[in-house]
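You will see chain A twice below: alongside chain B first, and alongside chain C after that.
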Partner chain A sequence: MADIASTLPAENTLGQGLSRGRLALIFVAVAVVMTIARYLGVLPEALFRLPESMIPPFAIWLDAIFNFIKDDLGLIAVTRWLTEGLQWLLDVTANLLFGKRRWPNIGPIPWTAIAAVAGVIGYYLGGWRMALLGAGTFMWTALIGQWKIAMETMSVLVVAAPLAFVIGITLGILAWKKPWVDRALKPILSVLQTLPFFTYLLPAVIFFKVGPTAGAVATTIYAIPPMILMTTLGLQKVSPEVVEAGNMSGCTKWQLLRHVYIPSARTEILVGVNQVIMLCLAMVVLTAFIGMPGLGAKLLAMMGSFKLGRSFEIGVTIVLLAVMLDRMSKAWVVKQPEHFEKGTPWWKRHAMLLIGVGLFVFFVILSRFVPEAQELGRKQNFSQGKEIDTLIKAFLNIDAVKATTGFLRAFLNVQVLIPFRNFLLSIPTPALILLVTAFALWLGGRKQAILAALFFSLVALSGWWDRSVITLYSVLSAVALAALIGLPIAILAARSDKWSKRVLLVCDTAQTFPSFVYLIPAIMLFGITDIAVIFSILIFAMVPLVRYTIEGLRTVPSEMTEAADMSGATRMQKLFSVQLPLALPVMAVGFNQAIMFAFFMVIIAAFIGTQDLGQELQRTLAGTDMGKNFVLGICVSLMALTFDMTLLKWANDQKKALGLE
Partner chain B sequence: MKRFTTALCAGVLAAMPMAALAEDSSDPIVIPIHNWSSQIVMSHVVGQIFESIGNNVEFVTTDSQAVYESVRLGDVALELEVWEGAFGASFRAALEKGGLHDAGDHNAVTREDWWYPMWTKDACPGLPSWEALNDCAEIFATAETGDKGRYLDGPVDWLKHGQERVEALGMDFVVVNAGSAAALWAEIGAAEADKKPVVVFNWTPNFAEAVWPGEFVEFPEWVEGCDKDPAVGPNPNALYDCGNPAKGYLKKAAWDGMKDKWPGAYDILTKISFTNPQIAEMAKLVDVDEMEPEEAAEAWLEANPDVWQGWISS
Partner chain C sequence: MTADTVISCKNVWKVFGNNPEAYLKQMPKGHSFDEIRADGYIAGVKDVSIEVTRGEMLVIMGLSGSGKSTLVRCFSRLHDITGGTIEVEGQDIMSLSERELIELRRNKMGMVFQSFGLLPHRTVLDNVAFPLEMRGQDKHERRARALEVIKLVGLEGREEYFPRELSGGQQQRVGIARSLAIEPDIWFLDEPFSALDPLIRREMQDEFLRLQELLGKTIVFITHDFDEALRLADRIAIMKDGAVEQCDTPDQIVLNPATEYVRKFTEEIDKARVVHAGVLADASLKGSGAAVDAGASVQDLARLLVQDKRKIIPVEAGGKLVGGMERAGALEVLLGSD
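Showing the complex of A and B:
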């Protein structure tokens, strides 16, 4: 982080900056002195780690509060009542999609019919290519023998996503109308976005019963925040002239909202919808921990019996579903509403709808006579699980691969990572808090510094300091390595349009591919070590780094690069003195995202075997230890928030200073 | 009232083939499934037996520790694999809170302990004795453990006390905890290619036996109190100085309300008893023969009618 920041002096925010920098230096100096004192053995034990006796029993307090809300206030009765309703909805979709024996008892819809409809929708939104993607995804799913489990997943998603949309848009409108709602929501949303998903899962189970209901609730909650943000953003951007026009034509408040504001904010709202869908898919595997059936549960079961090939295929299905839904919803954003001339016949205006319905009916009837059109049965699928197994194992067994990983394990792990971890752990608690505060002060500002100090002090008070430091260590190491690998790739790719596109496509895929799938190859490559953990975080963290760096470099104003060319700068000079500095604010956002992703992934990496907060979180999931679960979750959230606010503040300051906004 | 009549009709219709069991409710019997194959197939086997007597059955995926809470509350009706070592504690805790009860043991016994795949024996011929294992500790060394051997224990939350045992018996091993069962398999799978010796935590019955033949390390035999009284076992000053019990139970658990709601199914549940080879066979159908769990259950039922038909007929 430090070297990036130093390329642009942080002091350009007037005289205040100087004192800020100096204060930060003083903090660092104090921290260094304390650490040296610790090494010399003269630092009192109480200053090294907070004594056990001073740690307040947050978990017990939280448990008491939860129990009070749950039982005494009767929240559980309310939620269990809601569960019934949700269960009914889920039963309906479950019946339609995979034939669960519930009302209305007409399902399952044959796979051919669903694939055909997806094709028509695809054609409507984006022509033949999209049609192929839509129908192709469902055909792949059926042919690979995952139809039923994929539909189990879809039956929950088709409830959770609209639910998240409705709640999100409602809250978004409220937040835009009433400033106090906005003020109340902002901090909650920031925490929600950084809270590890394991922390959502446990309350979901307790209040909404293990199984698809809890899965739907956790998915919904996870997907709401971007919907709220995008709705508010879109509504705020509506130009006053349009509103004026609405007022002049005598709209009521509701009409104004329905016919003026929402259509004008259409683009942002649809981007929100796209985000909702993506986040819902991201939860597919994670909610399997709390009994959500479908692709995720199958993936975990496959991993539990060491079937790399089959779990890889499930990963591909999830990516295809994600890519399909992503592309379709994005096409919907771009597609402007069609307007027909007056007098166009009904069937012409709704031609696509009619074709869709027609094909649907055709395949439903066809499936009565051709069983393959209804369902592919035993031994009819084309799964290549075993073959992929062999392939993966053969790859991992190539001598060059083994030599590389052996070297990495011996050098990077033993010489670099483990000493770095031990060093971080050897820093006294107050000194580390000071270091983080100094970082926030230097990059962000006074407000960020105060919050950083407060947040990390809370982490210290939580009693999980060592585990938090190990979590932080994994995150920092992974992001640093991701930068080392990702930045050169991004810089090279940004030089041409073609390569930018290709690399971005890889990024998209890597992001939606369920991270669980590469945990096992990571272990097989590196064993159960820190490096396997960091490797799996790295893959995930590299995505935003690469993406934002490419974007940052490609949006550098062409006048700037031309000016550099004219003054005879070499390619390197141009890159380092013009392009990178200008792209830096955008890249900082990428860094921030990378850190957030890393905090997300480090919890999943507990699956490999870590000694951090993730491991403890995973442990709480099996029980009913809600208090502890929350304390751990909040620790992760607080650390992530510290970086989030500092880096975003810095990026904004830089953008202003560079006149990019 | 109308709903009641419908339910009654459905119940009567559903129970037609078995007049004696007319009182079984038509509500679906919810059976929990977890993330290992033998349990999933066994659950489907039992589910299909229930269906054959006219019950409705549904499956729900749950966590294998949290499931006892769900059984207790009646969210799920039963649990077919209660392992003494792995889930004994959760089961007993739920038992004390009330709401579920012990529905009898399977014939199968369970064992969980230090284990090695057969190829390890080539490098360390004295196995399976634990002293021999300790003598060749250095062949289990990794880049991180220096000259000590590495023992890969189960996830910390399984509470397997590997560390305590290493200390109690003075072994030259470093204990590393895997994060999940999948992580254990990945390590064995990675070692398989060049037959690298490994010693890891494992248990039986599970699919691994079919994929990687292996043996358990023989530690000083389990004596009652080894985990509570330091005096018990070879080291007079330490706990956990012996191996795990070689014959742990494998139980079934039932929700207290199951008996009244589905007496017919409950009766079958108490009679169900699978043996180790039967369980291994179920796991093999999925893990080696690549069947889907439902198909595997069908296939197993077709192949073994004499095993299960006796549980229904009486």
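Showing the complex of A and C:
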């Protein structure tokens, strides 16, 4: 980090003539003095940790506010009313997809029909390979015996994703039209994006009943922000001439929006749709924590009872679904309309639609006569859960593997992680706040520093300081380890076109996996331990880190590397003096994302058993303790926001200073 | 203003910045472009008065940033002006309600854009039919009309193509077809050929002249290319820093530049190609012998001017004598006066 700071543009000076770096250094010095004083036992207890008596009862206040809104203002009546409508929709999809006995009572749609339609859609969007992916995913799901739970998940997804799309695009248009909406939404969106998902879940449960409705609501809310952002972005990018052409064609305002703006922003809007779908899938799996049945719940149960084989199979299903949905929606983004030759008959123009409908009808009829085409029974599937289980356990029992994981576990725990954690915990609260402030001041600026101090002070005031510090410790150590492993990989990969492409493809694919899936290998390798938590965060956070590093290095303008070559730089000199400095702003964005991902994952990992905020958060889910839930969630959000604004500010400053924008 | 004036603008200002109306009110008279900029405002159009008569082609030209695009957008009220008045067919367009403005555009105005402004998700046919669709014409009628204009611009057989499947020249033909679909009285073209490469540009100019001969619209044409302006214009308005420096026929601009800027602008031009015998003819002179046509350029008459021994050559237009042209003066134009 010291290296980064030294490349800062001309030091901004503060009012008193103190440079930013100087002031930050003073903060650090004060923090060090305080910590030493603590070690020497001369620091008064009140300066080490805020005394209990000084912690305001935020949770109780918040509860009072919530109750006021919920009961006295009657919000609960509104949401219960909404629940009815949502419940009705979910019942329809549930009936169609897995035959829940509700109106319209025509389901379930046979798996063969769904797989066939997925294949046709895949072919339409991306040719044979996509068709194979579409049909294959559903065939795997059916054959492995997970059709019903997968459809339980899908039945929520197909309601939540369109809902998030409609709300997102509407708010996006409003934010684009009315600057005040934009101003009001911006801070809410950034908090929403850093709020741990457990914080979405409890209000959803309280306002929308346990089960699919709450799951759908939490999922929808979680997926809205990127849709808003992409819509606004797309509309702003529409070329002014196209708009003028619309105006000169005599468009009314509505016609302009409907026929000119929205179609011209198609690409961005569809990218938004892709993100909505992926976030919905990630979230709908997580709603297992509030008792939503489906793939997530099954995975949770299997992992809880350490059935690795079945966990693995469910993991594969989730990953396949994710990859399929991602690839198809991305293919849709780039799909451009092609013209038909004049005089093409009607049936040829709509060939794909006809084939799709035809196959669907065919399989529906077929399943009347062939029960296997309708549903695979319990004994008919090809699940190899037990066998895989034995295989994995046997593999883990090989001495070499056991020794490696055992060593890693022992070494990391005893030598690195626990000392680091204890060290962080031993720093007096004000000293840590000062350190964070110094960090924000150094990299960001005065505004960032003030906000950082404010945010962390609020965390201290929340009364959950120790748990917050443990959360921070998990995040920092996982990201540090991820950087240690990821950066060399990325730097090596960036050296050749071929490897960059391959590694980027892996990262792109890995990024579509719902976060929950990352727990599977962690638990497999390290069991239910602290290391598994760190490991799952580590691999989750490594993805953006590697990706942005490669992108940063690859986008260094070629004339600069050529200039370095012609100056006779060795490869190392070129890397350290030219490529890395120029790639740093982009890499910082990667670091930032890695930290955000880590904050997200650390909360999920609470499921393995941690002592951080996530654990407490998860506990609140069992009750109706909304105040506490919110306080905990905000603690996570505030810490994440501090990093977010500081790193992004630095990256932007640096980009400007280097003239990369 | 005569009955044949289609667009008439008087002291039109378009100022960009915070609260430009208030600024313009208190601004001292005769403030220059740079002085206005020092105050934090940009004068996009600066005190312009100009008239466009029916059936004429007015070419507005100037360097980029001179305000020509802004001026034409004021004519169609894509920009609201800050001061002055613009009347289109006798109607003050700033007084129009949104509904009336939309009606005006739907029935009277067509516009062609530099980078085409085509809707990427619509076929050629649907792009051309777009203005008709907006005004609610029924499907068959608009299809028939769209096919008609597509044929007119020579894109028959490409109706089903999407814009990105066409070359730049073809895309601009779609833009032209779209602007003509509603049969506008007034046709605005904002650097329509600037984004095309030189060969295609020439071809499109020919095409454009053919269309104009056929349709006889009132045209406001923007360009930064002087050659293009000379080829097409009835009158040329040269703009600089938002103001019109001179607005006159090509001959007059070349022969009598009003300002130093215009003189510099026209310096490189081969005057012999621009100046016509009719302009050089003096009604008080007669001359003798065979007459030359008023529409012939000095360049066309080069051989005759050099070989002829007469002092004064008679000039006729449509078979009627309009005056005499001094051979020495014409030779001066041909050989350059300095």
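Keep this in mind: the second predicted complex is superposed on the first by the 611 of 661 C-alpha atoms of A that agree within 3 Å, B and C clash if a C-alpha of one lies under 4 Å from a C-alpha of the other, contacts with A are read in each partner's own complex, and residues count from 1 in each chain.
Basically, a residue touches a chain if its C-beta (ideal position, glycine included) is under 8 Å from a C-beta of that chain, and two chains touch if they have at least 3 such contacts.
Keep in mind that this is a model prediction, so the values were computed, not measured.
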Using the touch definition from the top, say if A:251 reaches chain B (first), chain C (second), both or neither. second
More chain A residues touched by chain B or by chain C? B
Looking at the overlay, what does A:607 touch: chain B (first), chain C (second), both, or neither? first
Which partner does A:638 contact after superposing on A: first (chain B), second (chain C), both, neither? neither
If we overlay the two complexes on their shared chain A, which of chain B and chain C does A:304 touch? Say first, second, both or neither. first
Just checking: does A:121 make contact with chain B only, chain C only, both, or neither of them? Give me first, second, both or neither. neither
Is A:264 in contact with chain B, with chain C, with both, or with neither (first, second, both, neither)? second
Chain B contacts chain A in the complex at 28, 35-37, 40, 56, 58-67, 69-70, 75-76, 90, 142-144, 152, 155-157, 176-183, 185-190, 193-194, 207, 211, 286-287, 290-292, 295
Can you check the complex and tell me which residues of chain C touch chain A? 73, 76, 78, 102-103, 105-107, 109-111, 113-123, 130-131, 133-135, 157, 159-162, 164-165, 175, 178-179, 182, 188
Touching residues of chain A toward chain B in the complex: what are they? 100-101, 145, 205, 209-212, 288-293, 297, 300-301, 303-307, 310, 378, 383, 385-386, 393, 396-397, 406, 409-410, 413-414, 418, 519-520, 523-525, 527-529, 605-610, 615, 618-619, 621-624
Which chain A residues qualify as touching chain C in the complex? 239, 241-242, 244-252, 255, 259-260, 263-264, 266, 336-342
